[in-house]
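There are two complexes below, and they share chain A, which is joined by chain B in the first and by chain C in the second.
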Partner chain A sequence: MFFRAYGYGLKRCAREKYLMFWNILFPIILGTLFKVSFGDMNEREFMFQQIPVAYVEEEQSQQEFETLLTELEEENQLVKVQKVSGEEAKKLLREEEVKGIFWNGSSITLTVTEEGMDTSILKSIQEQYEKTVGAFSEIAAEHPENLQMVAGNIAKQWNYLKENSITNRNMDMMSDYFYALIAMNCLYGCFSGVNCAVAFKANLSALGARRVVASTNRFVILLADICAKITAQFFCTVFGAMYLKYALKVNLGDETVRILLMILIGSAIGVMTGVFVGSIGKIKESVREGLCIGVTMIECFLAGLMASGMYQLVETYAPVINRINPASLIVKAMYSLNIYDTYTRYNQCMLGLLAITVILCIGSYLMVRRERYASI
Partner chain B sequence: MAEKVVEIENLVKRYKELVALDHLNLTVEKGEIFGLLGPNGSGKTTAISCILALLNFDKGSVKVFGEEIQPDSYRIKQQIGVVLQNVAVFEDLTVQENIDYFCGLYIKDKTERKKCVEEAITFAGLEDFRKFLPKKLSGGLLRRLNIACGIAHKPKLIILDEPTVAVDPQSRNRILEGIQKLNREGATIIYTSHYMEEVEQICSRIAILDKGRCVASGTKEELKAMIKTGEKIHMEVMELTPEQLEEIQSLQHVYQLTYDKGMLEIRCSGGKHNLVRILDYFQQKEISFGRVYTELPTLNDVFLEITGKELRDLAEG
Partner chain C sequence: MQVFKAFFKILNKNKTAMIVYMVIYLALTFVLSSNGQKNDTSDFSKVCMEIGVENQDNGKLGEALVAYLEKENEIKDIPKEREDLLDAMYYRDIQYVLIIPEDFTEKFLAGEREEVLEGTAVPGNNTAYLAKMEIDEFLQKLGMYIDGGYEPEQAAQKTLDNMEKESKVEFLSVEDSGTKPAAAYFFDYIPYIFLCIMMVSLSCVLIIFNEKNLDARNRCSSMSFFQRNLQMVLGSLGIMLLEYGVFMLVAWIMYPNYMGSFRGILSMGNALAFMLVCLSIAFLAGRQAKDDAQLNMAANVIGLAFSFLGGVFVPIDLMNKGMQKVAKFVPSYWYVSSNNSIWKIKSLSEAGDIYRNWLIMLAFAIAVFAIALMMNRLKARKS
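On to the complex of A and B.
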């Protein structure tokens, strides 16, 4: 009985044009637009290139800053420094030969003509230097005995950053958008879930009443429906991911099995979210669908679908949201697979996703378990 | 004594302040077509929902095949076929797939199910539409599909809740004939409707519901015998004086008459030769008249006399 109902469930999913649009076409269109908008941004802007910068030494110059720039040029290959006079520096900046001018005097100043990634990096070098110098001066004046310890800590910080930035994996700055897109694709299963719940409850639809009065256990019918919806959602999302990987050449990494597992659980969360929303009280199906769209879009927004860096922002100010937001967990799981050598973070995300699935299942069960209705 | 298929005793169902079923008592016996007749809101669908264990109720008991029915009474449900008032089919499955799906909720064996599905398709006259999606079907065909989905597994008890609402006369006749055929093949039928002609045409026993109460039940002959009206005579008469009306009213067996816009309606309480007696009076008084016809009492008359209101008006209102 289960497999027959499951088979018919799959058939119904395959014929639901509305759902096919949202689950296959829409993510493909969005993915293509992402690629068209910033697809080669990585090659153009995020491929590591030394930032040309002019350096002008003035009176009372700070030797430490010059040393820092030399270090950043030779060791880190972050900047390419041209030591010139003030006039020459201005000329170079006008002719866009350099991105900025460092003026090394009693204080360090930076002159730039435009905003951008390169100027932001130069600005952060200047700020970081000033902060460090300020901290050292303050500690030297007030607690000279702690100076060595602070120096050691800063050195540790440098070491830590260095260790984390070097792995065997590739990091693609724009991948976050595509990861969030995959998350959205999974979570769009909520529409199927709403239909599933409405077609199950006797007080919400004639189909629900008709199936409940049959001689098959109603939970077998529901389970078959849910499994069919999850399967359909899984294949839709996999199709979307394959399109990203093979047609748009988005780097999704090589962890195929783990990505598939994640998509499966993501799809289950999407469908179960819909079942949960669909099981709430007696409200119109369109209102339920609206609720699902709202929830999904907020989840995806917080995971960085619409704005890069949103995930990090949430992590800074409200990290708990990232732990309970399925879209964020999917993005983090994908990110972890492609950045880290170990699976610890991926596994943590998967556990989080599984926990959310279980909670949604229990919540939905509690709402649909009622056997007789007060009114239909 | 005939086997009782459904027994409802003292059933009370309230929707907050509204009493939907008010101490309802009903018994449906094996092999009959039992009609539940009543206007919209009289409690027919609520009663059906209680029989199917869909609704909880405040008081009373519902037994089907001798057992109290519960939501998990799958053994009893196996023997029940249900055709709900609202069409309950999947929009994305074809006619044949829909019937197979619902039949499969009762019959596991593939070969047996295939046979049942074919028979249901033939029964409903859907042979030419088996690959059609429901949205491509007319209202009548859709209703027939709804019925086919409900009866494909050959149940012993078939509950049809207003299956002919918004159906064209051709499909309606086909549905009614089909129901009678199912009954001849051994199924017990519970048929709810507010169309008294349908109920009168096919039901062997009828219960009239009003405000959640069973106001009368029995065969149609028994129901008609319960009321005073034995015959209604309609006459087209151009002009009648109040004195003449009084004289007609005083004729034997005449108990009520109405005269409006040249139409005279005379209600007689049983008896024979009422029409002859009335025509004699008109001849004696040399009153000219036009069209004359007589009617036997309908279920609407039964409802009117028992409740004081017209069933037809309530149903359509």
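On to the complex of A and C.
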């Protein structure tokens, strides 16, 4: 009987067009919009690219500064210099073709349009030159006998820093948006969960009333129905994740089996949240759905679906929320798989997710057990 | 004016959703505008980095380096657990990790300067370059003073003094150094909220008039087709003006100075132009959707698509070039484009592009409205 009810449950899922929209199409649309809007943001904003800068030579220009810029362009590939006239330089800056203008005259001046990482680096170049000149003249005045040694050491161009690499994993912060999207997709199972509970209660639906009078044990039907919803939700979310990974080329890591396991438990939580809300008292179905949307959206908001860095903010001020919020746990589990070398934190997240599922199951069972309907 | 009155009676029943949208929006705007106002000086200031430093140095030079870095950056302790360090670097709580070994001063004074410090950065990140440049800059000057014959303490002090001198940085024009006024943040997310709120109000009302039996009953009433349609148009405009009025009133209460200036008037005009686009979209959706569920889907998809593609949520210049071209086919792009220039212009005579953007939005509104009427006509023929 279980498998027959399970089969019927799957068929009913396939016929719910609106659920299919929210579980398959909506995450795909949202994922595409994310990718289009900030898919390349990491490369554009945070990754280093040679800084284009205009260079204008004025009267009494300093030859050494020009040499420094050429060196930085050719050897360090830090800047890309365009030698132009003053007017042209301003035009280039206005059109955002360059990040700044170096005016080489009796003093070096930098002109920019904004404060940022690139312009800060340009300012550092300017300072490096001016301060070296300053220090040089100071030493020349006070210790002229050591000037040759100083000049010799500057020419050596020491590499003071030994560069270490912390990880070669994907450190793109924007991935959090896609992890949160997968979490949302899992938790959208709550809508089918509510349907499941409504179809179980005789006071809420005709199907529920019919099931009460059937000879089959109601809990076998409920269990089969829940399993069917979880299966459907699992496949919808896997489809969404595959779209992200293969169509949008989002880096979700290579731990496929562990990701699938996480999606399965995430889907179970989504459906069980719906069943739990659906089992509460005697409220209208629309209110139950509203409650589900509200709860899911708050969970996803706190996990970083709408604002980047939200997870870390919550972790700083109220870490306990991150331990009990299923969306945060899913985001953290995905993150752990991609960033850490060990599975300890992933396992902790999975345990947290399992615990929440068990609590929701017990809570729902306590609410629907021993429900009897009077003969009318 | 029965139809007109009925419009507002239905609206009154749906007011909860509208109020929820408004309250959430106003709360978010308030947070965002107070967040965005951190920097209000016209002087250039360098990016402040969060640098994790572990100073094990037994001598004085390590201390001097930390004192220098501290001036323009935030120095943080390095987390002990590797996982915590990875977290901090992933979320950019720490952008660069610097370890100063115990024999740093000793080696530096002895002239061994190659790879005397250890640095770790997020791979490829541009902060690594800035951090490296700042450290190099300091050590180079320190090396110069030491080689110049100064005592270590004196050399460290001289280097710190040398670093104090500010270089000359100018902004290309005055408005580049200006700060976005708090009121401008209020208008930033208007496209999203106007679209959603028009969908949950106007479309919900129209959908009720669409209901087959009710529509048939209305058609056979004594009121002329023209009269009924006229009242529906007036009702739609009424709802639009009511919602627009509420938002503008809140803006006047929160930012009276800005709203009283010519910039405030331009922002209001810009919002009105976009509101007309929302009116036409809500009209189209309200006439086409079969039930609330369909409307809900349309509101979410259109609201989010317009906001993401038009540059409401993410600045347009962060998108790739191809997408920036596609964005021009989305009305919110023109709203955002005006909104970004309104707070920068100095007089109404510079607002030529803004007026052009209004006309483009108006053209969008007329086009969508025409599509809605055409679909209505096709539907009427079918039935």
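Everything below uses one rule, namely that the second predicted complex is superposed on the first by the 253 of 376 C-alpha atoms of A that agree within 3 Å, B and C clash if a C-alpha of one lies under 4 Å from a C-alpha of the other, contacts with A are read in each partner's own complex, and residues count from 1 in each chain.
Going forward, a residue touches a chain if its C-beta (ideal position, glycine included) is under 8 Å from a C-beta of that chain, and two chains touch if they have at least 3 such contacts.
If you're wondering where the values come from, they're calculated on a predicted model, not measured in any experiment.
Within the superposed three-chain model, A:E127 lies in touch with chain C and out of touch with chain B [touch as defined at top]. Touch criterion met: A:F21 reaches chain C, while chain B stays clear of it. In the superposition on chain A, the chain among chain B and chain C reaching more residues of chain A is C. When the two structures are aligned on the shared chain, A:N251 is found in touch with neither chain B nor chain C. Applying the stated contact rule after C-alpha superposition, one finds that A:F38 touches chain C and leaves chain B untouched. Of the two partner chains placed by the overlay, only chain B lies in contact with A:S375; chain C stays clear of it. When the shared chain is aligned, chain C comes close enough to touch A:M117, but chain B does not. Of the two partner chains placed around the shared chain by superposition, chain C is the only one that A:A135 touches, whereas chain B remains out of contact.
On chain A, the surface touched by chain B in one complex and the surface touched by chain C in the other have no residue in common.
Residues of chain A touching chain B in their complex: 1, 4-5, 8, 11-12, 15-16, 202, 205-207, 209-217, 221, 371-376. Residues 15, 49, 52-56, 70-72, 74-75, 77-78, 80, 82, 84-90, 92-93, 97, 101-102, 104-106, 108, 149-150 of chain B touch chain A in their complex. Listing the residues of chain A that touch chain C in their complex gives 18, 21-22, 26, 29-30, 33-34, 36-38, 40-41, 44-49, 78, 90, 93-94, 107-121, 123-128, 130-132, 134-136, 138-139, 142-143, 145-147, 149-150, 153-154, 158-168, 171, 173, 309, 312, 335, 339-340, 342, 344-345. Chain contact summary for the complex, chain C toward chain A: residues 39, 44-47, 83, 85-87, 89-93, 97, 113-130, 132-137, 139-141, 143-145, 147-150, 158-159, 162-163, 165, 167-173, 176, 293, 297, 300-301, 304-305, 308-309, 313-314, 318-320, 323.
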